[in-house]
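Take this structure first; my questions come after.
Going by the order they are written in, the chains are A, B and C; count residues from 1 in each one.
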């Protein structure tokens, strides 16, 4: 337990862990204080996500590059996956889809933009491996296209009905997971040199002992699941009270919360002039949402959801995801970055956030 | 005749030529066996397309680079042109448009993706002339944009009517053919060095004597036209019987059949680590569909079609063509390729094929 | 006055200045001859725009790089801003929006394409600073995306209403102007070396004395405003008489007229093998329309317009702006250009012009 306690003492973020028991207490005592529960659960998830991140890196560092990379890749989005599963079980599909779209957009615009800006404020011009960045951006673009085809086609063509969208979503989910598997093979087995500095455990933390890391992984995942329950239950009413729509909450809040730990790594990498890390985390994490988390949710919804979920997103989400991945492709194409590039990405993100904030709520 | 017979004996593909007389016989004897006629005609067209390809290359090799390149470029899509003209004469405009869209998408995603995959399974990383590839991808993108403007505008704007679409289609066709002519001037006259290794007759076959080649060209074209008649007549009923829509047949089947000979050259080039050839064939062939075949069909429809044909595609075709050419531009931008890039392109193609397979039939 | 008179004598363009008094006379004498007034006002604005351009460069040359660059950047689109403000005051919002969209499209396709073609007819291959071009193209793309979000979202989502679009347009305008300010800081203060040869006063004209330049700036701006009044009043009836819609007039005519002076610089740069200048002017000018002129018009409309103006464009304008900036990004990505690239850009422009010419008029 010692390394854990030492870490918690050192890293101020972990002081937020106090909110974990607080939110459970509040849930019992003040069951109807939705806004309060919402805020407390958000504050509780952030440090839990960071703990998960450390634990994952520790396990990855011990198991060697291959399995370690796989772990880092798959568990990197564990927080988002757990929150989304909880919302799925509660049948809140708008929240689930908003979280998926939001995670993709937040990673490619906010995480990447803030990294480029933070790094650019310190270094006049920063360079990064553009071959690696191009490959990841293409991968992300293609994954996003795959995710958007059902929406684009049924929106554009009135002949497509709900049955079509459902069948297509299942078929696509299978295809996407196959592509994810082949992508793992590609980045960990056949061409690891192209992804060398992107996803390793160089976060600068001393890895924990294996036993502690595994126990933390298991225990914290359970805690995240429990806190997510409270979060998902309260989000509807809290959003109304705070003047936000569930779509906005999913798109902005869940994405920022779920990606908080990864953002810390990306920003830190940018400040150390290691943009490869930041770009790799941002683009890689977004690809996983599209290639792994979304398909898994669709397939799992046949088991644990009230009704099956499909991959049909509402039109503004489609537009935003498409623009976000195209922007990321354009911007990372050159291999060079300055502070203003970060500003531009953040500006597009601000525009999306403003648009979502002002949009009236939708049904289904 | 000797070189022809020697070739036929050597190349197993030409054993399929037996289906040519078979399909004519079947048409006479079993006029209503639509599914059978459909399958037989597909099997008959493939070797005919390959013969056309060899004959074209032989003529091109003899007439020198300029005219030869022109011939290769224009006659490269002869099979698709003949099939489309036959469908045009029969008034089957859905099939025609599906074939056009399908040829563009099949070349940029399937032909290119399979080439990159086949080459990538043999070579760790492959490089190709990225300046040439970029130019061709830009050309293709602009040609596709031109082709899609009538659909995008009338879809988006209710003020646009059928008369508008028709006039615009004619104007665009003229513009596109002018651009095609200028493109010939560009790639064959003023800047041939940029396209050097892409479209020459290095297919590895000994050219036939000129007389034989010309005779083969003429004769096989007639055969292709006759077989196409059978194909087009049977496609409607056969598609229903096999559970496919005419849109799917045009998009996938016709495109694959029509491009079969070119695919053989592209795949062979990739396996010999000459990706310039593969990329050039894939992108160049797709550009010709947009810049030459489609406009010619529109203009010719005023003469031989029941009613004039316009360039308005249904929305999912618009989306797919746009995504396909954008993907090709992104992917060929870097000048480097690995097996996984091919996988991604094939995955997007699989998604399109799956989508088209599941879409219910459309009217007009 | 001497340098002014010398200049006017030398440059044939300034002979068109005779139309300035002519149009005023015509307005008084022949108030209802709308078509005549329309043509005369167009002919009068062109030399006035050129005078404004010279005066701006003279002031910029005297005030040093920082303020000079700022002046060049902001006043480069002064003509378009004045025409648009006049139309705004008259409540002709279709004309205003068509002018904005048209300026973006005309700069990225026509100005850039004609420059590349003119240069390419003289030089076999031309190279330009692709890092600078990429940055400007990304900036332009992101600015255009920002400008298009209200339209894309409200078009795609029926829940968005007019109030939403209005609030969002105001918020976006503020964001865009902030981005414009940061962009000035970026290109003039922190990273001027990336934009070095793009926007300086190397137009080859001897700068005028400061007093003369400032007086010319003030005086000519007033003249442009007065001629614009006549132009805006006559455009509606003249367009009908000449068979054009106000959308076409705004998109094509106003954009070409307003950008005439800049085009002269861009073309001249291309002919001298200084494509950096041409690309910088084309992309930079288009960015300013999106980041400065459009937002200013929205905010000013709350003061001088009959009703507030929003940033919602009709669908075909959205499609065209998006395609134009994407095309510019693709084409300038490689840093090399030949005559045919210019042809392609001009072809897309011709397609847009043809489409707009054939489209029936719209309401609001």
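Methods note: a contact is a pair of C-beta atoms (placed from the backbone, for glycine too) under 8 Å apart; a residue touches a chain by one contact, two chains touch by 3 or more.
Everything quoted here is computed from the prediction, not taken from an experiment.
Enquirer: Can you list every chain in contact with both subunit B and subunit C?
Expert: A
Enquirer: Are the interface residues of subunit A and subunit C largely the same numbers on each copy, more than half shared, or largely different?
Expert: Counting shared over all numbers used gives less than one half: different.
Enquirer: Taking the mean of the CA coordinates per chain, how far is subunit A from subunit C in Å?
Expert: Result: the chain centres lie 41 Å from each other.
Enquirer: Can you pull out the residues of subunit C that are in contact with at least two other chains?
Expert: Each of 333 in subunit C touches at least two other chains.
Enquirer: Given the complex with subunit B, which residues does subunit A contribute to the contact?
Expert: On the subunit A side, the touching residues are 131, 134-135, 137-139, 141-142, 145-146, 149-150, 152-153, 156-157, 159-161, 164, 167-168, 171-172, 175, 179, 182-183, 186, 190-191, 194, 329, 333.
Enquirer: Over in the complex, which subunit A residues touch subunit C? Could you list them?
Expert: Contacts found on subunit A: 124-125, 155, 314-316, 318-319, 323, 327, 330-331, 333-334, 336, 338-341, 343-345, 347-348, 350-352, 354-355, 358-362.
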